[in-house]
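Have a look at this one.
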């Protein structure tokens, strides 16, 4: 009997993505896998049931989940859903291992093999499974669009009969995948873009997109090339330089994050109050608390005359392509798990081992295990 | 006594613009004019009362209006406001001469001299007073941003480890000022842009922005260079070609308009139903009924899986720059009206004469007079 | 004595050289180059001097005198004028490349 | 007889000409051009013919014979090889510019 | 001694060639003239040691007089009067060649007929160049402004030339001759030179001077053969050949053929009419514009709708970068309504990555035009039309414009006679300081880039 | 008759010059050889009518044999073996010059010492060129692969050269001589040629052949003076001078000085070590790459992070446009993770206006590489690293890459030895079909544009 892959409807509020898109389903089916989709699962992402020509559409969620060898999701399954799974089923998707212990315990206790997409190591070979990157790209692009859309000003320079409009100044804080994409998009729209990150190698990357790097004149490079902790004094200088750039910005897009930890607070209330009326802050780090002290995750509001928006789950706002990229990431990852029509992961493989969350009633991800079960790392 | 210019708070719902911005007030005051501003008038546009350092802030609207030589507005004054004006005061602003006869009758009967910004003839010399153009620019730019923001897809092409994203196809219908700006903005974002207009000279203009002109293979050029009416057959061919492009589009921005008349219906319901799921239509012509049959002015809704949005008063969504440009247009126009500290328009001047709506208890704009009073043009 | 074919060879080669060395000259140099080549044929001074140096009759001497004078004018004038015109190509030019 | 200064002039001018005409040559033409100039000095054939034509002693004749043979090889081989190498610069090339 | 003299001549010939070579590139031009000058000095000094010469004193006097006058006049003349000075000095060279020939003819000792022939040919050419150059000088100096033209002139001139050549051949065949005959010969040649130069209009003068220059070179070479003077042969021939090429290049740059300069100068009636109205549009070559901009201090680039149509923005940016790298101060002047939509130029220039701080709007840039060396107008028309300032009847009267016309030089790139959006004639294109670079915006800008790069 | 002969020689000299001139531009190169060929034909045929000649029959036989063999060998040889054929034919020319000198020396009738000196100088140079070229031929043909080197070689060679020159001077001073002396002279000269060529390595051979070519030209010119044959003088001198310049240019293009080619060939130990590992990185000149691409059928451009760092996207677009205009099929290969963010290359190329339909992703382009003439890698490294396919221990093993290594020629633009993001060595850079164009991405692309434009 062929492996059965199930794709349930996402239940997280605001989630519009779907784990597999029709084209990827076709590819899987061609490889002899059976794919079953909960009715309407693709609809929020604009993929209609009738577009999934090679998948079996199942109306009953319990039946779908109870009968699956592999369940593919975008967001983690709720505890109730885990209860519906067959024991020793496999679940692949974002697992948010840093939160919601119940869910992880449920997975462990039902002997579910679960792989967390966010734990896939960022090595060269794994780039095509790196869902963090693919979704962060969308986030950065979208954040720049939101900034342009919410600000009361033009981004580009415009010389017109009714006067010359100076280009907007856009400041990007945190130059990871999302930050870079935000730089590129804001630059495209004609803004003057500056960007800041603590990692010194980002300077060249920022410049490679034609933007300016904000030089805080503090080097975080310590011995042996490792980043070192900044002294309080240096930290203050960093903040002071940054404050000047914040005050001049028409739009700020902040993406600074440290995996598994709350986002660093970089934009203080005082800084916000020095900003121009009509300026906006798009805080992509809102999901982990936000880079701005004032950010309220998921909300958009004005503080004095500055608009602050900390959107959650931005990729879901562009569901067609977000789902497409995520589905391809899953597809590439599945190639490591499924061989010759059977679930035969190579447990030694760096990627498989790294992304494994639970298996055999154990939690494999060290940090999570330590948090939930105690003990050593 | 110096001339008193009054800037009232705009009362039209959703209007965030203000007729004068602080920098323009400064210029006027330097010329010996007195400017009075209703308290909070600039606030929706992010200009605080304290930014208007050289204007007098007046809390009482009735006092402000009753004491003004010239009243500058964005939208037409309501009938009640007209009642507050001194007889023989001058009002300058958008006047919407094609609608709301009461208002125009009120202006006429109170012996108000009113100039309509939308009636300023589009001659070379008047370009710096051309508020239609300045505001349409904003509309086009913003429409492209809205399209990018509402669509479920990327605009640019993106080759990533999670697959190659093909660039979005954007179709612009109506290549006036707004249409051109929309082309430029969508192109900047990396979309493949096509545009269509009935005026053949727009082909070169479209190409001058690096976009493709949709060739419907019907020439509307008749004798003497004037556009001619298309035959039913030609019309059908036009629609058929257009329908193909509509079906392929990920986003459509329509701006087609004929001054003073309802917008032509170009996108039929059938065409919309052929569009891709997740595509969007931004109908900038919504204010005059919309270019799409389905458009509901001011609303955004899904028809099947296509999003249709017919925003009203788009410039008000970018109030800082919209007000700045509009204020400069007014400033340039005022130079024709005010000479040596007195209101002395040159009534012979083509621009003054063209934009004059009411004066001496008469309606000067021929079309409006004919509509309201009957008689010859 | 340079004669016959040899003369022809020298003539051909010199003409070739002349053609080649100025075959890619920007328009702005046309006038200075005209002036410069004008100076170069000031070498006629050498010939005029030789002619005058061997002049015997008064007529020959007078003509020789005039010839030398003209030739000297050609050489000196050509130099001065060319030099002045080429002044504007000073390479100092704000230290740029 | 070309002698003395005249020889020097011809030598100078010819050298100048040679230098000028190839002073801007793309690298890809280096080898064909080397081959082409190799062919050109095949003109030594003319000299070898003359030398053989005036050779009297057997030794002279033999040397002359060898000389002519070598020279002919230089000329013909140089031509053939150059021609073949230059084939690739056919201007037909997809009717482009 | 003779060897030393010969070697000196050899060295000076080499110096002349190298000098001319250096003069043909702007980078080395300045020391080119120095090299050639050293060559001249060597040749002249060594000639004093020529064996068997006498008349040293008058010779030195002659050199002093001729050289002194030339030095004085060459130093004091205004830059704008350079062309006529070149004509004058060139004529003197031709005259000297003629004088040499005259002395030799009077002596009458020629080793062979070919030497006689060369002497006479040199005399003929030198004399024509002499009198022709003097006429050119006089015309440019303003002593004889109007081209002298009369019916049948061409036939008359041809006849004159034929007569000169005829008498030359007669002399050669005859082999020996009276001074009367020689006098007649020179008179005819000189007369032809005058008649040849008289009908030529002022604008064509540089081409004609260049032609006379080449002729003088040839005459000098011929006399060099006669005197067996290698330096003269080489220098003369090189100048003759280079000068001929240069004449062609100059004529081409002015959009004229040499033939039309020399012979078709009659039918200038058509040109006259256009001039009467507002001046004429003067075309220019990309190479020339390239050098003009490369050596300018301040350049302002004015893009218009035509740049957009040609999609030339990327090239324009490249050009501006090149100039900036050379130290030129480059600004972009963006007119508020350039193009067909608000911000049209901004969009394109931003796409091409032109930094925002190079963009100046109308109010910022207009005061800078009088100090601008070159205003490069690419595909703009209405926005630089001075009639908007001056002519109240014009449909664009009252529109603020970019005062490109106040720049020292204005270069306009456009495809042809196309009007702008408003459809009115543009007075700027007819201004004295304006030159038209006809062609597609993108193609022309590429050519400019090429031109600047070669410098 | 004599005049006709002289004029024919004159014409052929002119044809040689024009032919060489045409050969120095790719556009006219093909008819250049034809012009020169016509010159050769004219000169050869007319020589039969030289007065006072005999031995016509054996002469014709000699021509037939020499020419026939050359024709046959030249036609049949493989394209890759061309260099050794040039060496062979060149050596034959040198030998011929030597033979002429030998005949003249045997005759011993020289009008003056300078003629004798020229004859001997020509003989010396010609002989060196003869034997040296033959050695070069043999080495390239594979008959003697390894450069022969021994301690003290340089001193020995110098001594040999000194001896050859010494005996030459002795002969000149002596004025008349025995055949034994002549034999010794030739023997020494030939030996020096052999010794000079023996130690030179295979890669340097083209430079050396070019040098021998110039020497043969010189020898021919000298013998031309002796025989009073102007065609030989001119052709020989022109080749001597052009060949010298060409030798310099070739050495420069290979990043070698002529001195190091000839003398420092000993110390190749350093190079050898690097070679031992994986082959060596071979630099190339922009001009060469330009021609390579201009005359290619299919070019694939592979941009990477370095293009972004250099902001070379605008230049790259310009280059691609130029090539497309010439009819080259140009594609861009975009690797999914080129650069430092998803879509990094897309953003930049779109900014530079590269049309989307020129962009191909990995799966689309990889099958096309074997048919690709030139793969131009600009600032990409990891994404074209074949170890990702081959070496399981590499950190990038398993990452899909662009198979640029399968293209016929690979050109890599990068600044130096910098590693990519993953920090691993790239085997592609050492491949036989790869050439490195070192320099900043933008600057190098500009040079490529220049190079393509000159064609």
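Per-chain numbering from 1; labels A, B, C, D, E and F assigned in written order.
We take it that contacts are C-beta pairs under 8 Å (C-beta built on N, C-alpha and C of every residue); 3 or more make two chains touch, one makes a residue touch a chain.
As the structure is a computational prediction, the values presented were derived from the model and not from experiment.
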Inquiry  = Let me spell it out: compute each chain's centre from its C-alpha atoms, then which one is farthest from subunit E's centre?
reply    = A
Message = On a C-alpha centroid basis, what's the spacing between subunit D and subunit E, in Å?
response = 40
Query = CA centre of subunit A versus CA centre of subunit F: separation in Å?
reply = 56
Query = When you check subunit C against every other chain, which residues touch at least two of them?
reply = 2, 4, 6, 9-10, 13-14, 16-17, 21
Message = Show the residues in subunit E shared as contacts by 2 or more other chains, in ascending order.
response = 17, 230, 234, 311, 336-337, 342-343, 347, 350-351, 353
Task = Would you pick out the residues of subunit A that each touch at least 2 other chains?
result = 127-128, 133-134, 137, 156, 158, 160-163, 165, 188, 190, 210
Inquiry  = Can you give me every chain pair that touches, using the contact definition above?
reply    = A-B, A-E, A-F, B-E, B-F, C-D, C-E, C-F, D-E, D-F, E-F
Ask   = Which residues of subunit E touch subunit A in the complex?
value = 334-338, 342-343, 345-347, 350, 353, 356, 359, 361
Query = Taking the complex as given, what residues does subunit B use to touch subunit E?
reply = 123-125, 127-128, 133-134, 137, 140, 177, 180-181, 184, 188, 204-205, 207-210
Subunit B-facing residues of subunit A, complex = 16, 45-48, 127-128, 130-131, 133-134, 137-138, 141-142, 145-146, 148-149, 151-154, 156, 158, 160-163, 165, 185, 188-190, 277-278, 305, 318-321, 324-326, 328-329, 332
Query = In their complex, what parts of subunit F are in touch with subunit A?
reply = 305, 308-309, 311, 336-337, 339-344, 347-348, 350-351, 382, 388, 395-400, 422
Task = Note which residues of subunit C are touching subunit D in the complex, please.
result = 2, 6, 9-10, 13-14, 16-17, 20-21
